[in-house]
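Multiple structures follow.
Both complexes shown next keep chain A, but they swap its partner, so chain B is in the first and chain C is in the second.
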Partner chain A sequence: MATETRPVGGVPLKERNVAEQKGAPVLTSSARSRPVSPAAVEADTVQVWPHLVVIEFLAAMIFTIMLVLLGTLVNSPLEGLADADKTPNPSKAPWYFLNLQELLLHMNSALAGVIVPTVALIALAAIPYIDRGSTGLGVWFYNKRGPLVGAFSAVYTTVILCVLIFLDQPTKVVAFKDTFSSWLKGKPDVATEGPLHWLTQLLASWPFGDEPTARGVLVEAIMGWTFPTVVMLTFIVLLVVILKRMFRNPPLNTSEIVIGLFSGFVATYILLTFVGTFMRGPGMQLFPPWDVPPTDYGQIILHMLGLV
Partner chain B sequence: MAQQLRSERTLTPRVHTRPGPEDTQGGLVEGASRRDFLRLTMLGSLGLMALGGLGAFIAFFVPQKVGTFGSKVKALTIDDIKDGDVVRYQPGKFWLSRYKEPALGNKSVLIALFWKCKHLGCTVPWKPDESFQGNEGIFHCPCHGSIYLRNGQNVAGPAPAPLDFMAITLDGRNITVDSGKRTTRVQYDPKQATVIG
Partner chain C sequence: MARITSPGGMRGRLLRARAGTQDVWRDVIGSIVRNGWPSSVRGRSLAIMNSVFLHLHPIRTRPDAIRMTYTFGLGGISFFLFLLLTLTGVLLMFYYIPSSTNGLAYQTIKDIQERQPFGYLLRNMHRWGAHGMVITVFLHMCRVFYTGSFRAPRQFNWVVGVVLLVLTFLLSFTGYLLPWDQLAIWAITVGTNMIGSTPPPVLGDFIHFLLVGDFTVSQNALIRFYTLHVIGLPLLLTIFLAVHFWRIRKDGFSRGLTFTSRISDSGDANLSAGARAAGRSRE
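Let's turn to the complex of A and B:
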């Protein structure tokens, strides 16, 4: 009896049985099951040639044809030599980086360029370790709630981001840094003292030495770092709270919360890419997509020739 | 049968003949075999390549271009620039800005601003037609939209600090800007400007 229950193949008996119940073909022989026949192996196998290679060949042909068509029909001339004394206006990264560049407009560069992307990548990589349940593994939409959670999350994120991007327009809506700086200012720079002037005076005596230094450090620490971080975290936590309140019966499981957060991430990624690509004009000002002034490459070339 | 043949073949000892000095024909170099010659040639070329690489590495330590930027620039006189003007001076990579400073009793002051953005280093253009909160004329970075006032103070956008300023010395009416002496600051202070007259 003991020899009968011991698995002979690579897969332990318990796991093999579970897999068999799910209907997955198991090609391991064990003491209890019959040896697998070569015919069964063949029935479960797809050959590389022709099945895979033909698909790859077709994909390669389609891509080649599309690239040739794009290269023929879409005009994309090179600009002149780069000139370090004259940065093109607006100066944009390749389109697939414009989400990051959009993020850079709104906060300290280390936060937007390093910390946020790193945290996002680590969070993405951590999903399999957070969502460890096996329900619906490998199945699209195993219940009706997943798509609902994802859709709500995407709409929520899009609306919040649109409002935030609209608000952070220093020349048109709110100049966060300048407003905060004016709260910290005192006489004789301004006619009326700002409500937080006592704070800069306090920090000027220690540790910064003088009032302007205290004000500069404080503005960057609060408006460059703290405020954007708090805003980002608040809306992420708020999303989870709202989702948990919307779907209470039965309570959301980890997998569904992860679906919500991931949908929010994808919506953010797409929206930031869209805004960066189609809604930023000279000086990286915000424009409606149909009203973005074209980049004046003519001016840049004239400048390089020394005519402007 | 085939297996047997293969094993027999591997068992057969292979005879290596090592050409010695006596193999040299024509007496090109007495005592050096063809093998020695090839080996020395290969090692010699490798050595030359390594020397070349080392030379190129050392050459990086020698400054190649010594020009205007980084040195003292005597470019303009006070008469070339009026109050409210911001003048571009390409060789020194700075903007020379002259304005009345209210904190110093409305005296005329000069400040030379290094034109590299404090955010990620784009060249910041002066935009006389744009304004910010009633300040006519701003520096507006084309890369991430940072805005600086005419004294270099950052007021909006992601720039974390005001533009660096360069040391100015006034010799009569001549303005000398030391483009190598750039000062980083966290906030504009009227003390950083040079009072005229």
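Let's turn to the complex of A and C:
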């Protein structure tokens, strides 16, 4: 490529990206050779005043108007005065932490409330140091396969999580019974106990001396720590393995795998938040979204959408 | 400035007075906005350069970099919501009293809603704006990721962004307690218990006590959350925002390059290109 003589500003974006994907250092050579001529810069760029300033101004106006309208039409919730003796059922964290509260139902609280989110945040912050490639800068979804990798990952995560949540429903599936009564007929054990709960009970009844505390510790160590950790790691590794098998020609690179994992994270965040907000009723039982008894935000949003 | 001197008498005096006023007016405006309405290329450049608020922008940019379907304006919208939250928050602070005694905090919220002019609107805008900011910050993170904008030389700015995401969560979380209603204290109870489960239990209990200042969510928690919400966290967020914006300004918008840094770097033209080359050699 004759990049040597090209002014930086003169390379059209599309062409530049194509060249970059091929690994050609389009910008470096010309940048090294001589300063860019002001004329080239001018031809290739627009002035921030007015081109960007106007967009910013309009966005600010639109959002101010939208927020004033929303604030006029929908009132913030205000319940009764705080009372430390009256625990509401269910007690829910703010909606953006309901994903963690959902995890809390399935594993030890330290794992769900501290370790998993900490690891997730560190992994998030480490993305640029894991995916160190320079291609794909300023391009939506990296390359043609990017959207496919992301979409598959999101669907995979959603399906797996739905199955896992539904499986781990100790006595809580009861709420689903009315909705799926015909399907649940003749499956009382699974319906009322849930397979994972049955496993917990089996462990609890293990002939492990007569010491209930020791038994509790054992059950927690296995069902609260080991089992959930293994499940989480297995499905993450499995995702990578499946992605690598799906996209073999050419083999997936680090950037594409990171797109898969990030999409899985986003899907997890959204799905668990949704389940926590719209599908957990009294006693944190699982309900179908249309049957869940009124709870703070779920109710407000359903109300805003005119569904109740 | 050519003064009008010809007509005499009263009319002349009036005209001179008017011209004098116009002169003073022009001086006042001119001292604030140095370059008048930016109607030339040079004027538009000066408008950006000479304004403390606007000079956060580069003077020129590639049109691709600011296309709506590229950025969706999410970072800017998040920042705008932060400003709006600061404004509505300050106004709310005039009325709100962070005291659990006789449910004063709760009572002042009720007063804001029912007795202050536009009080309900103020509180609603603050609350919905806060939820909006959590959403736009999260979406902004997704946009930056999916456009590869975390790549060299912007790695550290991505980390700063993750810190800003956490601070946004914390700001929203601390504000959640302030209405001092059932929704508030129980949400914070659930949340702080979650944080308090940090292993080992000794550490977890310590963190819980540090946050709540008591064994349950009470007055101590209210004043801690209030202080963090109105000053501690906003200060921290502002510092990280400054770094975030500064880095964008220095590294340029992720699609297309800014040229100002190149001009000032004379010779070793384009930082990002250099860093890219470095990145490529590592691969």
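Convention: the second predicted complex is superposed on the first by the 193 of 308 C-alpha atoms of A that agree within 3 Å, B and C clash if a C-alpha of one lies under 4 Å from a C-alpha of the other, contacts with A are read in each partner's own complex, and residues count from 1 in each chain.
Please note the rule applied: a contact is a pair of C-beta atoms (placed from the backbone, for glycine too) under 8 Å apart; a residue touches a chain by one contact, two chains touch by 3 or more.
Just so we're clear, the structure is a prediction, and the values are computed from it rather than from any experiment.
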{"item": "First, second, both or neither for A:72, with chain B first and chain C second", "value": "second"}
{"item": "Partner chain in contact with A:106 - chain B first, chain C second, else both or neither", "value": "first"}
{"item": "In the superposition, chain B vs chain C on chain A residues touched", "value": "C"}
{"item": "Partner chain in contact with A:282 - chain B first, chain C second, else both or neither", "value": "first"}
{"item": "A:91 touches, of chain B and chain C: first, second, both or neither?", "value": "both"}
{"item": "Chain B versus chain C as contact partner of A:220, first or second or both or neither", "value": "first"}
{"item": "Contacts of A:43 with chain B and chain C, given as first, second, both or neither", "value": "neither"}
{"item": "Touching both chain C and chain B, counted on chain A across the two superposed complexes", "value": "84, 86-88, 91, 101, 104, 108-109, 112"}
{"item": "In the complex with chain A, residue positions of chain C that touch it", "value": "38, 41, 44-45, 47-48, 54, 57-66, 68, 70, 73, 76-77, 80-81, 84, 100, 103, 106, 109-110, 113, 120-125, 127-129, 131-132, 134, 138, 142, 145-152, 154-155, 158-159, 162-163, 166, 169, 172-173, 176, 179-187, 189-191, 193-195, 197-199, 204, 216-218, 254-257, 259, 262-263, 266-267, 269-270, 272-274, 276-277, 279-280, 282-283"}
{"item": "In the complex with chain A, residue positions of chain B that touch it", "value": "90, 93, 103, 119-120, 122-125, 127, 130, 132-133, 140-145, 147, 154-158, 160-162, 185-189"}
{"item": "Chain A - residues contacting chain C, complex", "value": "8-9, 13, 23, 25, 27-28, 31-32, 35-36, 41-42, 44-53, 55-56, 59-60, 63-64, 67-68, 70-72, 74-84, 86-88, 91-97, 100-101, 104, 108-110, 112-115, 121, 124-125, 127-129, 131-142, 146, 150, 255, 259, 262, 266, 269, 296"}
{"item": "Chain B-facing residues of chain A, complex", "value": "84-91, 101, 104-109, 112, 170-171, 175-178, 181, 188-189, 210, 212-213, 215-217, 220, 224, 282-285"}
